[in-house]
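By letter and in written order, the chains are A, B, C and D; residue numbering begins at 1 in each of them.
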Amino acid sequence: MAFALQTEKLCKSFGALTVAEQIDFRLEPGARHALIGPNGAGKTTFVNMLTGAIAPTSGKIFLNDQEVTRTSQAARVRLGLGRTFQITTLFRSLPVLDNVALAVAERRGDAQRMWRPASAHREIIDESLELLATLGLADDAAAAAQDLPYGKQRLVEVAIALGLRPKVLLLDEPAAGVPSADTEKILRHLEKLSAEIAILIIEHDMDLVFRFAQRITVLVQGQVLVEGPPEEIAADKRVRDVYLGEATHA
Amino acid sequence: MRLTKIVALAAFALVSAAASAQTVKIGFITSYSGLNGNLGPYMERAVRLYIKQHQKELPPGVKIELIIRDDTGPNPDKARQLAQELVVRDKVDLLAGVIFTPNAMSMAPIATEAKVPFVIMNAGTSVITTRSPYIARVSFTLWQSSYPLGQWAAKKYKTAYTLVSDFGPGHDAETAFMQAFKEGGGNIVASVRVPLQNPDWAAYLQRVKDAKPDTLFVFIPAGKTATAVMKNFSELGLGQAGIKLIGPGDITTDEELPNMGDVALGVTTMFHYSAAGDRPANKAFVAAWKKEYGANETPNFLSAASWDGTAMIFEAIRQQKGKIDPDKTMAIFKSWKFANSPRGPISIDPETRDIVQNEYLREVRKVGGQLANVELETFAAAVKDPWKEQQKKK
Amino acid sequence: MILYVISVGLSVTMGLMGFINLAHGVFAMAGGFILSTAMARFGVPFPLALVAAFVLVSLGSIFLEKILYSRLYARGELSQVLFCIGLILVAMAVARLIYGNLAAPVFLPDYLRGQVQVLGRDFPTYRVFLILFSGVLILSLWTGVERTRWGAMVRAAVDNRGMAQSVGINTKRLFMITFALGSGLAGLGGALGADILPVQWGYPFEHLVYFLIVVAVGGLGSLRGPFVAALLIGIADTACKYWVPALGAFLVYAATIGILLWRPQGLFGVRA
Amino acid sequence: MSGYSADTRIRWTEWLPWVAAGAFFFLLPEYLSLGARILIFILFALSLDLILGYAGIITLGHSAFFGLGAYTAGIVSTQLAINEPFVQLAAAAAVAALLGVATGAVILRTRALTLLMLTLAITAILLEVANKATWLTGGADGLSGVKVDPILGFFRFDLYGRTAFLYCLIALFLGWWVVRRLIYSPFGAMLTGIRENTTRMHAIGAPVYWRLVLVYTISATMAGIAGALLTQTNQFVGLNVLGLEPSGDILVMLILGGVGRLYGAFIGPVVYLIAQDYLAKQYPEYWYFGIGTLLIAVVLFAPGGILGMVDKLRDKWLSLYKQKSSARASAR
């Protein structure tokens, strides 16, 4: 069957330092999948290879059975790969509406229209507003992104990614740096997302991971340690040793 | 507020222009800002000095009003705009000045269209005067000095190397020298054109040294570039290698000599003016200059040309009793002769409206502890622009 | 090639502090004027005049750093570039007011004139002196930055200003001293080069392009970069002028474009 | 500002420049050649604002397009003897656009100082070419003998510069219209996005590089047209249209007026050129001092340029006014 996202023997090394080693990973359509691992496990490198921000040393990446290993970042987005950033990456001084509308316009192929005013493109604006409403941001559409509380900025991140109508959504620590009350809110919104989108979440907040994910992959030192449903992972001794153990000790 | 002020001023200017017809307005354009902005004052001072000394010779009731504009350097569109304003708004009777050739070229159509006589006091590319029947030039052309220099050099040296700045005047000087030198039986070893903005001359001069010519002909814009070349020439030991440095007078301008120091000694140049020129008219000119602007100040060739140009304008005013008619003025210019110019007898060629003057062979020597361009001989008397003479034959 | 001696100082301000100091030529010009004035008007011997150029320019730059530059460290490149253009214009006007239109006369002492024989060829003494001098200068700077505590502190402060501040480094004073050193070197360079590159009021603007090239090619954030770039371009430029003079100015620009397309961060750029 | 939340109706203040230009024409007929010069530089500044202010491309080489346009218009007349003004304009626009695509495609992958340097090197090379190719460009003497037929066979370029002024005014109006539409369109919003956060634009699938090449080309075309206008009004081209100096000048003008605000490109050249004209006449030798000080002051104290300052003052005034009125309301 076709996987939403798949990697084959993916490797990346910077000189002598190997940060990804033979990673075989599969994301099923509509999956709620989490990628966890201790600091320096190579999670971010892995995500960057998936999105095309950096090129792998060897191995292959497939998006819906289409090889995209050498495809540009922008082209992968057009093939249905959306992402959020670990560090909030917004158009800070622009209104929230514009943040989302830029993505929507890009997806619709309207971003190169040069004549009719942007504010007259109702179809783009309406879709963006709708999207904001589903994430509870309807009232903030006119505010500048930088003026929003951090938790809401993280949701704008998600909204931008959703504006691309992705088939696969990579959430890079969506709750990083967010107070726990807001984490709850973010989680609620994430749970409401369409079941057609396959979601890969990279997260440190174990509570969130275990509540959200149906499958979990544990990455340690650039290698897949184990993969399975949450119960299995929670029970796995090796995971407890290298990861949960470390977490409790720290 | 500001707008009304300008309008009022403009209206006032119109009225006053009508009321005092006896005021002759001269629109004077030169460069004060920009990298060559140091040259402007040499011209303006000469014009002011002449007016000051000779004002009483004007017909009674006639006054001269000098309207000065800065063209900011080789900036033809600015120069054209200024000329246009001078003609349209200030209603000047004459245009004068201009250091740079492109500026003069861009102003030429305005002189033609508005029928305003235009006295060029520096810009030295030969073709300028052909661009408008209302242009007369009192300065020089590069052919005028480089061509005779080539003739002179051909008699003395067998081989020559030419090194010029890569721009219009440089090309003019190079062609003129080479032509005369070859006609005289000389051999050009090599010719090099150097970018205008060239910080270091050592590489070029080393090459010259290795080529071992009898003489090195150099033309570069007057000023500190020339100093740099002199210093490099001496440092690299080209003089000791038996190479003689020659060029048109631009390379040893009078005001730059103190900066060059002893390295300039012995450089031979051909030019139409030297502040050290041993003529009574020149001595008086230099003395008046020092009296007016300070003992450390020396006029240069720009000053001499501006001085003579003003003299020519005075002649036209006197003959027409202060009422400037463009065509009559041009007729007066064409037949103008001036025996007492600081640079010796000069005149305007009626055919080409270009200057006719003597070319002097000079050498840098120490006079009373100070460096000066000492005129050795009047190499050629009453030289017309050789380029135009050749064009005629064709 | 001598022009590039001046950019040694530039590699200190630009390389270490990451400030695009286009107004570097201003300090070089000041150095040249000071040398000329000291020698011509007060009869100061050449070596002493060099020291004076270095010290006075450093002091002057501290003043400028305090009131102007320090406000701009955190600002974007565009602001820095524009500010420098403004400063250049003001400096040019001031220089013209004080020193008039002509270049400052500089006369070398006799022992630096003439030629020396090296490997059977004649070389101008002064140039040999300059090359040796700048070689010594860059070596001592290099060891200064790489080996001393001061060097380590500067590098730390550039990498992460907040962090350096929090471990007790007085970055403000550090930057001030570094800036003064860089400018002082510029003054020294201007003074040294005054004989070959005449110092006139248009100086900072005329040589602006060369400073820019050196820095862009060398790459920001390293001390070595601009120096190597200066040397490289200087030699290439000189060689080209000697062998193919007809190409003239093209080569420098073409080489710049080539190198920058090949390595957009410059030869030794460290910024990712 | 532009974007999806913007109100794109033309405000009454936006008609002010055109009213002012009209008034200028009738009230100051003797300054029309200065006026035309200002209009040309506004168009040039506008083209720079499009890439600098909206797309965030820093350049010190925009004169490459201005100069190329100027020379193309001139050469079309001197070499091909085509004196029809619109053909000259079109040729200039086409050639400048071509250079825009060609150089943009090469250099726009770089950023910041590297980009600055590359743009500068390109215009410096063009300057060198124009200087050397004397047979084509007239070299340092400048290209003279450019002829321009009456516009539409009727309006001659007259000595007073009336035709030139109106011609440039119409060109500027069209340029303004195009740029205004452009920046308020989705394309304009997208450019702002690139300026604000390039990483994010990549992540939403925008082919950033090609978009930059596109806008660079549009801007180059406009700059080329501005250059051609300069040639046509002067019937002359000099080397001073190329190289670092005109690039720096136009940058200074734009910054002075305010970057990334459509009308900064209007205010800047007006203030700069009038100040130059005025100061240069009064104190010709030291006008640098004034403009340099002004520049430092703008960078240090008014990063938004003159327009930014006006905005700030207005905001302050508005908030004061609101405070007062709300205080009054609560007092009741």
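For the reader, a short list of remarks on this structure follows.
Going forward, a contact is a pair of C-beta atoms (placed from the backbone, for glycine too) under 8 Å apart; a residue touches a chain by one contact, two chains touch by 3 or more.
In this text, all values refer to a predicted model and were calculated from it rather than measured experimentally.
Under the contact definition stated at the top, the chains bordering both chain B and chain C are D.
Taking the CA centroid of chain C as reference, the farthest chain centroid is that of A.
Comparing chain C-alpha centroids with the centroid of the full set of protein C-alpha atoms picks out D as the closest. With each centre defined as the average position of its C-alpha atoms, the distance from chain B to chain D rounds to 36 Å. Mean C-alpha positions place chain C and chain D at a centre distance of 33 Å. Taking each chain's centre as the mean of its C-alpha atoms, chain A lies 42 Å from chain D.
Distance from the chain A centre to the chain B centre is 73 Å, each centre being the mean of its Cα atoms.
Touching two or more other chains at once are residues 37, 41, 166, 195 of chain B. In chain D, the residues that reach two or more other chains under the touch definition are 128, 285, 288.
Shown for chain C are the residues in touch with two or more other chains, namely 96, 209, 248-249. Contact between chains, per the stated criterion, is found for A-D, B-C, B-D, C-D. The residues of chain D lying in touch with chain B in their complex are 23, 27-28, 30-31, 33-34, 37, 128, 131-132, 134, 138-142, 144, 159-161, 230, 234-241, 276, 280-281, 284-285, 287-288. For chain A in complex with chain D, the residues that touch the partner chain are 51, 53, 72-78, 83, 85, 89-95, 97-98, 101-103, 105-107, 110-121, 124-125, 128, 141-142, 160, 163-164. In the complex of the two chains, the chain B residues touching chain D come out as 3, 6-7, 10, 32-33, 37, 40-41, 68-70, 72-78, 80-81, 84-85, 87-89, 101-103, 105-106, 108-110, 113-114, 125, 127, 131, 166-169, 171, 195-196. Across the interface of their complex, chain A is touched by residues 2-8, 181-182, 184-190, 192-193, 196-197, 199-208, 211, 214 of chain D. Here chain D touches chain C in the complex through residues 58, 60, 106-107, 109-114, 116-118, 120-122, 124-125, 128, 244, 248, 251-252, 255, 259, 285-286, 288-289, 291-296, 298-300, 303, going by the rule given at the top.
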